[in-house]
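The two complexes that follow have chain A in common; it is paired with chain B in the first and with chain C in the second.
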Partner chain A sequence: MADLSRTPSPSDARDDGLRSSWLARLGWLALFAYVVYALSILNFNVARMLAGLANAAELLGRMFPPLFSRADLRELMFAGLLESLQIAVLASAVGILVSLPLGVLAARNLMPAWLSWIARGVIMLCRSFHPIIVAILFVKAVGFGALAGILALIVASIGFIAKLFAEAIEEISLKQVEAVRATGAGFFNMLIFAVLPQVNARFIGFATYQLDSNLRNSTMVGIVGGGGIGGTLQAAFGRFDYDFVCAILITIIAMIMIGEILSQRLRAIFL
Partner chain B sequence: MSGPVAIAEREWTRFTPAQRIGRWLTYLLAIAAVVWAVRTVEVIPEFLLDAPQQVADLFRRMWPIDWAHYYQANGLGVHHALVETLHIATLGTIMAAGLALPVALLAARNVTPFAPANFFAKLILVSSRSVNSLVWALLFVAVFGPGPLAGTFAIAFRSIGFVGKLLGEALEETGKGAIEALEATGASKANILRMGYWPAVRPAFWSIVVFRWDINVRESAVLGLVGAGGIGMVIDTALNTFRWDRVALALISILAVVLVAEVLVTFVRKRIL
Partner chain C sequence: MTNATAAAPRPSAGPVEGSALSLKDLTVAYVPGRPVLKGVSLDIADRSVIAIIGPSGTGKSTLIRAINRLVTPNSGSIHFKGQDLARLRGRALRAARCRIGMVFQEYNLVERLSVMENVLSGRLGTLPVWRVWLRAFPKHDISRAFDLLDQVGLAGFAAQRADALSGGQRQRVGIARALMQDPDLLLADEPTSSLDPKTSVEIMELMTQLAGQRGVPLIVNMHQVDLARRFAHRIIGMSGGHVVFDGPPDTLEDHHLHQIYGGEGWLT
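On to the complex of A and B.
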């Protein structure tokens, strides 16, 4: 216990978040120095910024009004969007189905150490690269098209859902597990009646989050040849068809927002 | 009908009929979506058949890894690009933090009790998050030309939504006590922000920023694929010239940096929170 009768001395003054300490000032100074240094390293300067502003104004001028009227382009856009949707749906479905057993295998409280380490290794491998980089590798393996995008997003889904699912299982209360075991239940009955009910809600949360995430990424894998609207978008950028770019962007954002509302509904139904 | 007998005879179910219908409809919808996607997706089976050969070819081309390409005196090697990637991620995060601060203040209903301003701020945050960083990169390449400037802006604009949303939520969770005490002293709005809100959200702020930096290190590694600078440019060049041994080197370098960043961030976040 602190001696309350003692008068506080200046050395008692801790960092209470109100006074800025010398250390904090030094930190801000270091941050400022870094920004100046990094800006000079990367050749940023006022002239480029100003030129950029002029370009931005021109770009915006050419983006609006967005070009929705040409039937051939509209068809191209919807074909791309549909493919993105297919990629997202299939990648989510397969990713969720694979994550379920893999997450159980990776949970250290249910599995022998050697098995959970193998499963954790697989999950870590899936998590280690950005989906776009994984898509590059799959484009090489299975060629251009939707399949490469689907496989890349399956990998991303496994990395996310299985990891969090395994962590959720590791946090369960073991009381139910013991109770079910005491009835003489086998491993699968234990899993179904003691483990899964405890993590069901969280699994649905992870899965719907990944569904959103896959929808976003499915519009991007096309940039490296993985199918979907991304290829169309990049081609439109390359041809400087900025009004068409704007139309695609608006449609992508609309699709993502509808997807988010849907997955919120989904969570409301199941949670 | 009432009384204990009726209650005992009542059939107990876990879900209401509406809930049950909702669940079945969702299952049905999910299965229908998968069936639709499987039947309509364009997959060329011939490509799948030679996938094993292609993968074998991929690894054969990746090996031996072109370690000599790590450091090139002309600045085209992996090392320079990697440093550039880190600068893009860090500068972009700093810029995002600065830009997100006012937006978060506007978005927090207790700081700005003015609904149209909240709505406007939320609109900025949502549009920032809805556009993927690669799309931001494509846009900024069109604005600034290819290079790390475009990448930095792309990272910054994508991160505003993330940092602003979480910071706004942290601001809304601030306890009223300190704020009311400050108001009672007649403190100005600026002083309430500086002495009331800032100390309350400071740990959350740094934690969010550091977390986003970790994500940005990963994201800035791919921006180069659309010309926005960093290690992605090296990968792009190597891909276009089929130098898979260089791609392998770049991938290993990215992996190393991402792992170091993750360890660093975990350590820093433990110290902050």
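On to the complex of A and C.
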């Protein structure tokens, strides 16, 4: 800190709470040092980036114009797209349905500690792996195809929605719950009338966000054999059909944008 | 206890018909070994308005909350309608709570629900889950809720959301919700502490009037001694977890207040 005209005075003895702690400053310094170190060790430098840029330019050149004209490829693409869409919608629906009770079970202010810890364990397990890894596991377990992709995205949806839903429940006003309990309401009636109204809006927010996110992820699970357009994309890459790759990417972008608009509409209806 | 004159309500309150509610040696300790309520015994008659006064942190709220078991007493008994509420659990406890209406200091309405839904939540103890989920309330409950809204002066507010109301209006909804239970006993935990003086008087008038019409006892704890004097048939003064005064309002004198609240400077 700058010592501007600092004369010793009685006020210096008091802690004005303005200076940040030495520990925090040390933390920033350590972070900076580590970034420099990591950059040096990972061969992350301008020369390589420039070389890469040339490759990228060539790839882009071969991507354009995108190939939309061949009917057989178009059919392949739309079949894949439709499957991705189905994977996303089914996974979201099941994920939302499972997250609702699981989130309630995981809320520490409503449930006994042992039960909420079990529910939290399940959620934590769902969150610990990236959807790609879960998809690979399911492809091994149930074979190639959309089922593996759906199961993988259900797991991802539970991990996200149930966790945030549980946290939303933990932040509700217990006064409202107490008032409803005082009327003699049983647990489920209390849940419906005192807890859900307080978290409804946020739950719908989480659910539509996850639908968005599943739409994105459903294009990806196909890369590891989980069904959907990802498989088509992978195959196109493998055959170096970069113009077809470009067509697929543009279609995916269009789908994601439409999905985003739809989920916004959905939120507007429910909130 | 020291100053207890006859614990009878004013003549205007009607005849005393035995005691509706009887507390014996009620003790509550949130922290083991440090009781907030230290062996309180009270008999409360039918059809009376009882005000509990006392400094903050003296166990008034705990006493009220122990009666409908939002707080579990460590020892003692709460006899009400032939049952010891202190020993009830599960279904039996919820059934007993259905018969006890409660009004809260901060109204405790479910903010995002409509006024109608808040009033109807007084019936939640008696309705099956599917009806509550589908909002399929029996017709007679809905028409009774409309009647109650009329009685508390909120006709036409049924479809508004609770968070759109003012404090006084919210407390009226709180009262309607409590009455929707068709209670045998009304509890009010500092119902006027969040309200302005004029609204406080209106709310107290409304509660005492409606409790009187239904012939159910009303137990209110409050900070305003003047309101207690004005509306209660009987005043109970608490200090340090004990009852230190129990009698009709006209027997409450300055030296009692001194005993209840301590200090003298504020008693001019």
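One rule holds for everything that comes next: the second predicted complex is superposed on the first by the 220 of 271 C-alpha atoms of A that agree within 3 Å, B and C clash if a C-alpha of one lies under 4 Å from a C-alpha of the other, contacts with A are read in each partner's own complex, and residues count from 1 in each chain.
By definition in this document, contacts are C-beta pairs under 8 Å (C-beta built on N, C-alpha and C of every residue); 3 or more make two chains touch, one makes a residue touch a chain.
Remember, it's a predicted structure, so these values are computed and weren't measured experimentally.
Visitor: Between chain B and chain C, point out the one touching more chain A residues.
Guide: Answer, by number of touched residues of chain A: B.
Visitor: Look at A:Ile253 in the shared chain and tell me whether it touches chain B only, chain C only, both, or neither; answer first, second, both or neither.
Guide: first
Visitor: Give one of first, second, both or neither to describe whether A:Leu67 is in contact with chain B, with chain C, with both, or with none.
Guide: Touch partners of A:Leu67: none, neither chain B nor chain C.
Visitor: Based on the superposed arrangement, let me know which partner A:Ala179 touches: chain B (first), chain C (second), both, or neither?
Guide: A:Ala179 contacts chain C only, not chain B.
Visitor: Which partner chains sit in contact with A:Val104 here, chain B, chain C, both or neither? Use first/second/both/neither.
Guide: After superposition on chain A, A:Val104 lies in contact with neither partner.
Visitor: Looking at A:Ser128 after the superposition, I want to know if it touches chain B, chain C, both of them or none. Which is it: first, second, both, neither?
Guide: first
Visitor: If you stack the two complexes on chain A, which partner ends up touching A:Phe188: first (chain B), second (chain C), both, or neither?
Guide: Once the two structures are laid over each other on A, A:Phe188 reaches chain C alone.
Visitor: Who does A:Leu266 touch here: chain B (first), chain C (second), both, or neither?
Guide: In the superposition, A:Leu266 touches chain B alone.
Visitor: Please write out, lowest number first, the residues of chain A touched by both chain B and chain C across the two complexes.
Guide: Overlap of chain B and chain C footprints on chain A: empty.
Visitor: Okay, in this complex, where on chain A does chain C touch?
Guide: 173, 175-176, 178-186, 188-190, 192-194, 197-198, 200-201
Visitor: Please output the residues of chain C touching chain A within their complex, sorted ascending.
Guide: For chain C paired with chain A, touching residues are 68, 70, 94-102, 104, 106, 108-113, 117, 121-127, 129, 132-133, 174, 177, 181.
Visitor: Within the complex, which stretch of chain A touches chain B?
Guide: Touch list, chain A to chain B: 16-18, 31, 34-35, 38-39, 41-44, 48, 51-52, 55-56, 59, 82-83, 85-87, 89-90, 93, 128-130, 132-133, 136-137, 140-143, 145-147, 150, 216-217, 219-220, 223-224, 227, 230, 233-234, 237, 242, 249, 252-253, 256-257, 266, 269-270.
Visitor: Any idea which chain B residues touch chain A in the complex?
Guide: Listed in rising order, the residues of chain B that touch chain A are 19, 22-23, 26, 30, 33-34, 36-38, 40-44, 47-48, 51, 54-55, 58, 84, 87-88, 90-91, 94, 126-127, 130-132, 134-135, 138-139, 141-144, 147-149, 152, 195, 198-199, 202, 218-219, 221-222, 225-226, 229, 235, 239, 247, 251, 254-255, 258.
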